Each structure stands twice: as C-alpha cells, then as structure tokens.
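You will see chain A twice below: alongside chain B first, and alongside chain C after that.
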Partner chain A sequence: MLYRRIFQFLIVYIFGILFLLIIKFIFSLSDYVIPNILLIIETAAQVFKEYFFDVINTLSVTILGQCISICMAFFVGISGRKSSWIGSFIKVTAYNIQAYPIVALAPIIFILIGDGFISRLLIASMICYFPLLLSVLGIMATPVKDIEHFYIITGQMKWHLEVKIRIFENLSKLTTVISGSATLAMAGTIVAEFIAANAGIGYSIRIALYQSNLAKILIALFLIGIIISVYQGILEVIGEQIKSKWSISKKGTIL
Partner chain B sequence: MHLKCKNLNFLYPDSKSAVINNLSFSMKNPGFNAIFGPSGVGKTSLAKIIVNKNNCFNENIITKNINIILYSYNLERLPGWLNLGKHINKVISPEKLHLKKTLIKIFELNNVLDSRFSNLSMGQQNRINLIRYLLQDFDVLIMDESLANVDEKLKGTIILAIKELFPDKMFLYISHNLMEVSKFCHKILVLGNPSQNKPCFIINGQNYKKKCFLDKKKLNITMLEIMNAL
Partner chain C sequence: MNKNKSNNNVLNIRIFLFLLTLLLLISGAATVYAEKIELNYRLKWLFNTSVAGDIYADAKGFFDDAGLNVNVKQGSPEKNAINEIELGRAQFGVASADQVIRALDKKAKIVVIAQLLQINPMQWIYRADKPKIKVLNDLKGRNIGITFGGNDETIMNTVFAKAGISKNDVNITGVRFDFTPFLMKKVDIWPVYRNTQGVILKEKLAKQNEHVFFFNPADFGINFVANSVITSMEMVKNKPDIVKKFLTSLLKGWEAAMDPANEKVTLDIIKKLDKADNDKIRKKQLTATRKLIKPFASVKIGTININAWKQTQNIMLKEKQIKNKVNIENHLIQVNY
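Let's turn to the complex of A and B:
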C-alpha cells in the first residue's frame, strides 16, 4: 500500500514535468520561465536538504493539526449523534460553518495571533476538521440497527457501546477519511505558511515565487508529494493493522 | 399472563391502505403461540407494535402480568470484535451461566464459541442470536423468523427444549412454515390480507410437547383450518 502510493505519486509527478517540458519546447520558452531538466537537477542538489527539513517542519504541524481535528471531530460527532434538539443543533451548525472557506478566515487569524506556529496549527486543523467532522457526524448519527436492537430492547445500551459499534462497523470508511484528511491538513499548513508564516515549505515556496524560480517550486512539490504519500501510506497501514487486530477471526484453511 | 389486542389499526405514513385493520385477539397463559400469514400482512408490524405498546398503542395492546416483552428477528448481528463465547458472557447475568451451557448444548453451538459471528453459517447465526435473548429476563419473547435457516430436525429439538425450559414464559413465534406452526404452537393467530378484507382468526394448534403423542389426523385438520383461514 505504501509503495503503491509512492509509485502513483511518481507517475503523476513525471507526467507533470513532461507536460511542462512539452510546453517549453512547443512555445520555445526560456529556462527562466520553465527550467530544463539539468537546471532542475542542479537546483535539487542545492536546496534538497533545506527543503526536506522544511517539509518535515510542515509535516510536524500537519500531524499535530490533524490529531487535534480528529479529536475535535470525534468529540462533536459523538455529542451530535443523537436526534435530540442539541444533536440537531450541532449538526446544522457544523454543516453551515463548513460551507464557509477557512482560507478566507486565515488573514483574521494572522491579524489576531500573528504569524508563527499557533497560526499554522490552527489553520491546518480547521481546514481538515470540517470534512472530517461531516464524515464522523454521518457515521455516528447512523444507527447499526441489526446490532444495536438487542442492546436497546434489553436495556443494555450505553453511549460508549453505541459509539464502539458504529466505529467498528465503519472502520474502513473512517480509515479512508482520516488518511484523506492528511492531504487537507498538509494543504492547510502550506497555505498558512504561504500567507504569513516564517517557517515551513509554504514559506520557502513563497520566497521561490518572489524569485520566480520554478525549479525550486518543482523540487518543493516533489518533496511535499513524496512525504505526504509516505504519511498517508503509514496512516493506511495503521488503519489496516487496527482493523485486522480488532476483528481478527479464525479463517478456515483449505486442506 | 394475558396479552390482549383490541381494535388495532395501523397504517404506514407513506401508505394508503392499512397494514393492520381493526385487529382484535387475546392470548392467555404461558406457552408457544404463533402469528402466521403470508408476506406483507403485518406480522412484523404487529410484533413491533406489541413491543412498543407503551409508546402509542397503550389503549390497543393490553397486558396483564407481563412486564418485559422482547423481540428478536433473524437478521440481527452480534458485534464483530468479540468471539461468541465472550459476547454471550458479557450480556448475561452470572446466575444464567448454567442455563447458557444447557442451551448451547441443545442448540449445537459448542464448536463455534471461539469463532466470530461473521464466520458462522446463517443458521448458526440465528441460533446464537436466539440464545442471547433466551438468557435475558423476559415474560414474552417474540421470535420473528428466529429459527430461519435451521434444519427441520434441529429446529424441532430447539422448540421442544424451549417449551420444556421456559414453561412460565409466553412465546410468539412468527414463521411461514405451516407444518411447524400447526405442530408446535398452542394458539395460532392467522392474519388475513387486509386489502382483500380477510378477517383474522385464532386457531388451536397441536401444541406438541416432548414425550407426547402427536395425532397426525388432528395435525392435518389444523393445517387445513389455517389454509382455509388465509
């Protein structure tokens, strides 16, 4: 799964580079607009180490932001799962707020908190929080009737058992959503860094943009893509491990 | 113990014709009774109404000496994170452990207690589901196709064992099997199709018990009565 993700990214990246090179040749563009392969390799040798640590810096904020958003999404999802007044209120509020683009709120966060770690973390967690919340709310608010019936009718249903049943029955969906939200968290962090931070790969991309250095941007994109693929792959592997451990069963053997 | 239904009408919100139309019947004393009828006549709806009588049907469903009514059906599942043995132990009180052992032996489920629910056949799934209901406190247990996909011989053994082990409980057995219902049940509520204006009847079944003689002629008459009532 991990190798497949990296392989898929490499294919997309190579196609992207080829596309740029084709445009360069068709319109006879200079290296200043679209760099040639040699220039890209030369730039990679210069900035690879620096950009790698920048991506790791961004990734650390991404992971933290994602953890915060997962906790928040589960807290609100579990609180809003009931069809009571408060449950409906939480659901409607969540649906309405998520319609507002968080990136548009980013400048307010920077004005209030200033550029730095907290602003990046806040924007990263907010960007991946709402899609995550909608999935978690959907899963938590949908009863698994054929399992829950027994506990309800015999009076043995507790809130944590209800949550456990719904999580267990939707484990694949949750794993996919959490792994997918990693991309959103990364995008959120990079956007935050791009707007006004003073560290991370988004900040480096902004500097490269001011220098009109496409080679640097391509190297940054390569590192972001590779590292997010590895991170997502690891999340999927962890999800698979949890699934197989939790629902381990004795399979029959063919004699 | 008395379960009485008086002038019950039931219509689904998105439907024009009533599923249950002016239904009245009465079932007294513990025992194995049945609700019988073709698909779509409202057997499951009636079962759910009886279970949820306190919500909207307090005036139509009247009970005496009945406190707990449970409803089990054949599509239920057990959670997948525990094996069957551990799951059953978690949902029963310690004093029922001996009864659990007895039931597992009769239901022929000894070999699958270490397995997960998803690894069982459909018949085994229905049997383990029924066991966990039988191990709860109840006065009336509605068994909606709870023994579907179980072979006829084992089904007979299970029904006879339930009658023997739970003599003071009332069972409402919902099935499409005419022979089974006629043979094992005491009172059989035959639901006619309300769209054809067919009335409902209570027919006496053979109420066959262990070590009792089964009069095949009477059994045939019961089956004919049910067929005529439909």
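Let's turn to the complex of A and C:
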C-alpha cells in the first residue's frame, strides 16, 4: 500500500513536470518562468537536504496538529452526538468557528501568540479538524441498532460502550478519514508557515516565491508529496493493524 | 395612388440614407477604435501613492491621446510582471532591479526602458530615542528586521559586508507585513518602503510622541536600484514606435503627478483607487514619493542610472543571487522621449 502510494505520487509529479515543460517549449519561456530539467536537478542538489528537514519540521507540527484535531473532533463528536440542547449547542459552536476563513483568523493568531510553533500548531489543527468532526459526528450520531438494542434492553448500555460500538463498526471509515485529514493538516501547517512563521517548508516556499524561483518550489512540492504519501500510507497500515487486532485477538468480543 | 407611391419612394430613400449614414458612422467609430492599440501594463504593487504617475497617465488620458488603450493593472507580491510579459499577458510592466537581474540570469528576454525610482524606497525605520546611525558600525548590537528572501536581505547583507559586521554582531529577526514586533519594540530597526509604510509608521508613532529616523543604505554608498519599467526584447525590436508612445505617455504622467502644482489633482486620482489610507497620509506619501522619483529638479524622470544598475548586479553576484554577470548595461535601453 505504501509503495503504491509513492509510485502513484511519482506518476502525478512526473506528469506535472512534463506538462510544465511542454508549456515552456510551446511558448518559448525562459528558465525564469519555468525552469528546465537541468536547472531543477541542479537546484535539487543545492536545496534537497535543507528542504527535506524543512518538510520534516512541518510534518512534526502536522502530526501533532492532527492528533489535537482528532482529540477535538472526538470530544465534540461524542459530546454533541445527542440531540439534547447541549449537544446541539456544541455542534453549532463547532460549525460556526469553522465558518471563518483561516487566512482571516491567522493574523489575529499571530498577533496574539507570535509567529512560533504554537501558531502553526493551532492553524494546522483548525484546518484539519472540521472534516474530521463532520465524520465523527456522523458516526457518533448514528446508532448501530442491531448491536445497541441488546445492551439497551438488558440495561447494560453506558455512554462509553455506545461510543466503542460505533467506533468499531465504522473503523474503516474512520481510518480513511483520519488518513485523508493528514493532507489537510499538512496543508494547514504550510498555510500557517506561509502566512507568518519562521520555519518549515511553507516558509521556505515563501522565500522562493520572493525570488520567483520555481525550481525551488518544485523541489519543495516533490518532498511534500513524497513525505505526505509515506505518512498517509503509515496511517492506513496502522489503521489496518488496529482493525485486525480488535477483531482477531478479541475474537469479536472486545465489546 | 401615384402620389402615395411617390411619397413612399421618398420615405424609402430617406430611410436608406439614414441607415447608410448610421452604418458609415458605426464603421467609422469602429475604425477609430480599432486603431487604438491594446496594451496591458502590470504594476509591481497595489494602487497607492507609490504608483501615482502610472495612474495619473491613465486617468488623464495620456495613453488615449497617443492612440493606446492601456489597461493599467495593479500588482501584488504574487503577480510578477516579468512572467506576464513572457507569457504575453502584458506588454509592459514594473519590476525591481533584483527581479530583472535574476530573470536575465535565467535567460529571460526582457529590457529596462526607464528607471522610475532614482532612490530605493527600501529603507529601515528606527526610533529616535536610539542612537542615530551615523556610521555603519552603529548597527552593531541592534535587533534588525529582515524579510528573508526579499531584496532588503540582499541590501542588508551588503551593508554588513561593507562594514565588516558579522551576523554575531547583530540580532536578525525575520519580518512580514505586520508591524507589531516593531511597534512592541521587539525589533529596533524595521524594513519599510520609505514612501508608503514609512510614512504610515512615522505618523503612527508621532501620535504616541515617538520620533523616528530612517536608515538609508544609499547614504552609505550602497545603491541598489528599485522599480523600473520593463518590456520584452521583441517589443523593442519590432514595435519601437509603440514603446516610444507608451513610455512618452507614461513619463508625461509621472512628470505631471510629481509636479507640486498638480498635487490636488494627483491626490484626487489616487484617492479614487486607494481606499486604504487617509488624505493626510496620502499627501505625505506623495511628498515622500516625489523625493524618490525626482530627487533633484535637474533629474529627468525615467533616467536609467547605469552605474547603480552595475552596482546592483555586483551586489547580487557577491551575494550569490545570480551565477554569472548578466552584462546588465546591454539590457538597459534609455528611450528618448
């Protein structure tokens, strides 16, 4: 699965580069507008190491941001799963916060807490948390009637049991959503770095943009793509393992 | 019956003549319109006082008078005039010297036809309660703001090299558009465009009874050229008359906009497009812009300072921003207008 993801990314990336080179050829553009292949390779040799560590830096914030957003989404999803007043209040608040564009909120965040690690983390979490929340809310608010019925009529149903049943029954869906949200968390971190941070690949891309250096941007995109593919692949593998452990080791009696 | 027929004929002839006249008028107007040459002119920055002459030429119809239909487009950090010229989306544009030299290093086929700013507006603001920077070594021990990747980084690195200041002698802070670190005194010396942000910050601090100085590297012999008008090599070669017409109209606009006698008209034109600043700020920005565009009465607007361009090229070479000399003098064309 991991190799397939990387391979698929490479195909997309190569096609992207080829497309740019065709445009360059058709319109006779200079290397300033679209760099030639040699310039891309030369630039890669110069900045690969630096950018690799920048992407790792960004990824570390991404992972942490994603963990926070998963916790937030589960907290809100579990708290807001009931159709009670408090449940609907939590849902409305969660939806409204997301209605504000993050690029408008970002400057306020940076003024309040500066352009360091915390700002990047907060923005990354905010960007990737909403899709997670929607899925978690959807899952948590939908009863698994066949199973839950038994516990309800025997009087054994507790809130954490209800949550466990719903998570287990929707594990594949949750794994896919969490894996998919990694891309959003990465995008969120890069946006934060792009707007106002002093580290990470988003910050490096901004510097490259100042200098209109498309070759550097292409290298950055390559590294972001590869590393996010690996990360997503790992998440999927972990999800698969959790699922098989839950169903095999407990022989379906985990609940 | 016959009388009726004759009346109808007269009416038909009249209608025919009316339609014919209308057709001639429409085709005449279309011909006049078609004769106008459509051009796109991409500025480097948003519509504000720093582009006063560009919007003055447009608003006062100087381009129209020359038979040109020029679409003056505002710029932004993401919009690059050089890219647009190469892609054929613009015929003329404004670019900073570092952009031009970087593009030439990558074989872009562009030329500079006028240098708008005779003094680089990129300067550093600092509070007057700190010792004045009289010699470059006075920068030692200060917290200096730099936009990493921006041309202010290149300029400041050149300042350091000239003064023999190492990075350990100063504190460097990466900056963005947000002035908060300077206002909160976290950074001592902050990079600004002297004629726009510089005016705003000076005003803001004056309200708090704080006074400021500006550190201008040019005062210490570091001349780094700023905004200039560019076009493609092909345009200069194949359509020199259009280049001349465009530049003549544009510089006429700049001459008029920088003339203190036209100050009110100029400010009114700017006000229509720049909603961000107030009248007082815009007036001060115009005064500051005048000093950068036409520092002396004898300076003809648009004059290309070849030595400053060569120095800019050398700075960039030294800072490893370009691989080889681009022979910049071969890409500077002083069009007589």
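Criterion: the second predicted complex is superposed on the first by the 248 of 255 C-alpha atoms of A that agree within 3 Å, B and C clash if a C-alpha of one lies under 4 Å from a C-alpha of the other, contacts with A are read in each partner's own complex, and residues count from 1 in each chain.
Going forward, a contact is a pair of C-beta atoms (placed from the backbone, for glycine too) under 8 Å apart; a residue touches a chain by one contact, two chains touch by 3 or more.
Bear in mind the structure is a predicted one, so any value in this text is a computation, not a measurement.
Asker: With the two complexes superposed on chain A, say which partner A:Leu29 touches: chain B (first), chain C (second), both, or neither.
Answerer: The second partner, chain C, only.
Asker: Quick check for you: in the superposed arrangement, does A:Ile165 touch first (chain B), second (chain C), both or neither?
Answerer: In the superposition, A:Ile165 contacts chain B only.
Asker: In the superposed arrangement, does A:Phe110 touch chain B (first), chain C (second), both or neither?
Answerer: In the superposition, A:Phe110 contacts chain C only.
Asker: Please work out whether A:Ala208 is in contact with chain B alone, chain C alone, both, or neither, and reply first, second, both or neither.
Answerer: After superposing on A, A:Ala208 lies in contact with chain C but is clear of chain B.
Asker: Contacts for A:Phe150 in the overlay, against chain B (first) and chain C (second): which applies, first, second, both or neither?
Answerer: A:Phe150: touches chain B, not chain C.
Asker: Considering only the defined contacts, which chain B positions touch chain A in the complex?
Answerer: 51, 70-73, 75-81, 91, 114-116, 118-119, 129, 132-133, 136
Asker: Across the complex, what residues on chain A touch chain B?
Answerer: Per the touch definition, chain A meets chain B at residues 146-147, 149-151, 153-154, 156, 164-165, 168, 246-247, 249-252.
Asker: Taking the touch rule as given, give the residues of chain A at its contact with chain C in the complex, in rising order.
Answerer: Within the complex, chain A touches chain C at residues 27, 29-33, 35, 39, 107, 110-111, 115, 195-196, 198, 203, 206-212.
Asker: Which bits of chain C are touching chain A when the two form their complex?
Answerer: 77-78, 80, 82-83, 86-88, 99, 102-103, 105-109, 147-150, 174, 176, 178, 180, 321
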